[in-house]
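Please find one structure pasted underneath; my questions will follow.
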Amino acid sequence: MSRLADAAASLAEAGQRMDGRGWVPGSAGNLSARIDEETIAITRSGVHKGRLKPSDIIEVGLDGTARAQGQKPSAETLLHCQLYRLFPPVGAVLHGHSVAATVLSMAGEISFSQYEILKAFGFATHEVDVDLPVFENDQDIARLATVLEPVLATDTPIGYVIRGHGVYAWGTSVEHAFWRLEALEFLLQCELERGRRK
Amino acid sequence: MSRLADAAASLAEAGQRMDGRGWVPGSAGNLSARIDEETIAITRSGVHKGRLKPSDIIEVGLDGTARAQGQKPSAETLLHCQLYRLFPPVGAVLHGHSVAATVLSMAGEISFSQYEILKAFGFATHEVDVDLPVFENDQDIARLATVLEPVLATDTPIGYVIRGHGVYAWGTSVEHAFWRLEALEFLLQCELERGRRK
Amino acid sequence: MSRLADAAASLAEAGQRMDGRGWVPGSAGNLSARIDEETIAITRSGVHKGRLKPSDIIEVGLDGTARAQGQKPSAETLLHCQLYRLFPPVGAVLHGHSVAATVLSMAGEISFSQYEILKAFGFATHEVDVDLPVFENDQDIARLATVLEPVLATDTPIGYVIRGHGVYAWGTSVEHAFWRLEALEFLLQCELERGRRK
Amino acid sequence: MSRLADAAASLAEAGQRMDGRGWVPGSAGNLSARIDEETIAITRSGVHKGRLKPSDIIEVGLDGTARAQGQKPSAETLLHCQLYRLFPPVGAVLHGHSVAATVLSMAGEISFSQYEILKAFGFATHEVDVDLPVFENDQDIARLATVLEPVLATDTPIGYVIRGHGVYAWGTSVEHAFWRLEALEFLLQCELERGRRK
């Protein structure tokens, strides 16, 4: 119970920070944190992620079903569960909709090179070429997860984007996931600006 | 009286959020909420919408006349009344002036396609083509309302824009109207960015 | 003394709002309010306008000299004094440096047409063509004031810009001047966006 | 001890202001202040600069080694030490990663001309041409410092940029360094906007 309350507090704060940057317009976005090996805490659907209350965070098993009867998690919960299942060190997953991610994902492929901030993802140097995978949007989330699975399992990306939809980022804790999301959004913003100059 | 006080508090908060995003420069914008079937609460003209006080919200009948003598509602009140009259589920209407709405409406027609966030407006999928109607600005608001009426009544849009002026968004409550406004402005911002790339 | 304290409080708040929008980088900008027919309160030079303390606001005569010995007002004080001298209804003058004003003033002339928000400056309709005068920057402020004088006196503009420098806006009170500044910056931001699309 | 506590408070506040502007995404950036002729206070590596706690600031000698055993300063500490060693008046150094600095440094050389705000760096007039040196990024910070040394020592620049990485700014105090950083970022933002128009 205490772990749920802690997770809810951390997720509410992360939601406020995402809202302050304009990444969760309307009721967009999903935020989650791992409770234990088989359970995560995740935001309910249909709430504004910039003003989360403790009751807006529910417990869900790694198969995507709510622990409590009558609670309906977001359809996208399955994408969160997939990351926790594939990667035991993952402690939190943040999904938001930014203008940069939306626009760039609608324009083509996304890759980053020569950015110092790539070191935030564990690279030892800026002299790397890093792809950010872009997947076609699909309202059938189970099917989308099937498409994602081999890409995630084979060569773990730094995050991913669903076209016209938004970014998924993760980390060992909510704070760490937020840092990686912030770094990703920074990279996307840079690429958006560079695209305007070409 | 209590419903007016509640509406005033919700509208003041929505005004602060709109101001924080730069959508109500100077004394621009109008915010309203339904009190009952025949009455709405709406912002007085000539006040900054980011710092509304309870006395800045007045009661107006659906014909646009103030309930209290001596109070002069904004001329644009009629556009709010029209939405409440046409659509009984509408509980709040928010009108702001954003840079994106202003610039795009001066450049031509506006439509959205393949955006996940379109689901905020009740679409079951991102695979839709949605127009955001743009109307010519007119200082004669009664005449403008007459032009709007058939468009609104025939095929309810997700909101509308007056050229060089701003967006009208609505919802079942102030919170819901704000979510829809935020989603609309997100879409407009994306289109503005994409326009730069073409 | 009370009027100075009131002016200082209003100017400090306006400075915070300008800082929040990025219009007073470093120690840029000057803010003033009229105390009486012959005296104004104005920010000292060399302070950050987003964090003004009461001691950062000093009293100056309309000739630009400080009331208290040893206080040195900003050189640009003369431009404030000029507006108070020419226009008795002016109660406050706000000068900031925005990216939009700086970039557009370096690119050429500036004018606005068909914007609803032009009504903030007293126009009855959006169907007007309004110039925002751009003056060459000059470190000799007395000389710059001489160049400004006939333009201001003949046909009062809605504000003005010094090239590569920033905007001057004014109003009957600090709040009113801020509204007009906000409207001006909104117009400039719109024109900046439209310039990118051409 | 008191000087360290003072430095930590000032640096934490500067970090919050930098975070508010989006200049320290993830754990990016380093902030430092001079304690005495031989010691500086600098942020630990691996912390978010927008939410610094006193324990996140450590004391380091001008050779870059931590005063306390077991503390590991950031590799970039050497670049801070270099500035304190070369310039006795320097009291603080701020390094952040902004979108504008990153994008412009990846596009070529950077120079500023005819900007009023250049006076923030001690120029008597806007009629100057000022280069902002751009250095190639290098994960070997000692080697990078060797490349920087002659440029810094010969003709002190207003700051510098490491390509794809970010800005270094400094001043006589944390507040002064922040003003100069803000002025630099303003100039970079203006140049970014102007680049879009060409």
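In this document, chain identifiers A, B, C and D correspond to the written order of the chains, with residue numbering beginning at 1 in each.
Simple rule for what comes next: a residue touches a chain if its C-beta (ideal position, glycine included) is under 8 Å from a C-beta of that chain, and two chains touch if they have at least 3 such contacts.
All of these numbers come straight from a predicted model, not from anything done at the bench.
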Intersection of the contact lists for subunit C and subunit D: none
Centroid comparison with subunit A (C-alpha atoms), farthest chain: C
Angle, in degrees to the nearest 5, of the Cα rotation that carries subunit A onto subunit D: 90
Rounded Å distance, subunit A centre to subunit B centre (Cα mean): 31
Whole-Å separation of chain centres (CA-atom averages), subunit A against subunit C: 44
Sequence positions of subunit B contacting 2 or more other chains: 196
Every chain pair meeting the contact rule: A-B, A-D, B-C, C-D
Interfacial residue positions of subunit D with respect to subunit C in the complex: 21, 114-117, 120, 124-126, 175, 179-180, 182-183, 185-186, 189-190, 193-194, 196-197
Subunit B residues within the subunit C interface of the complex: 22, 25-28, 48, 97, 99-100, 102-103, 106-107, 137, 139, 162-166, 192, 195-196
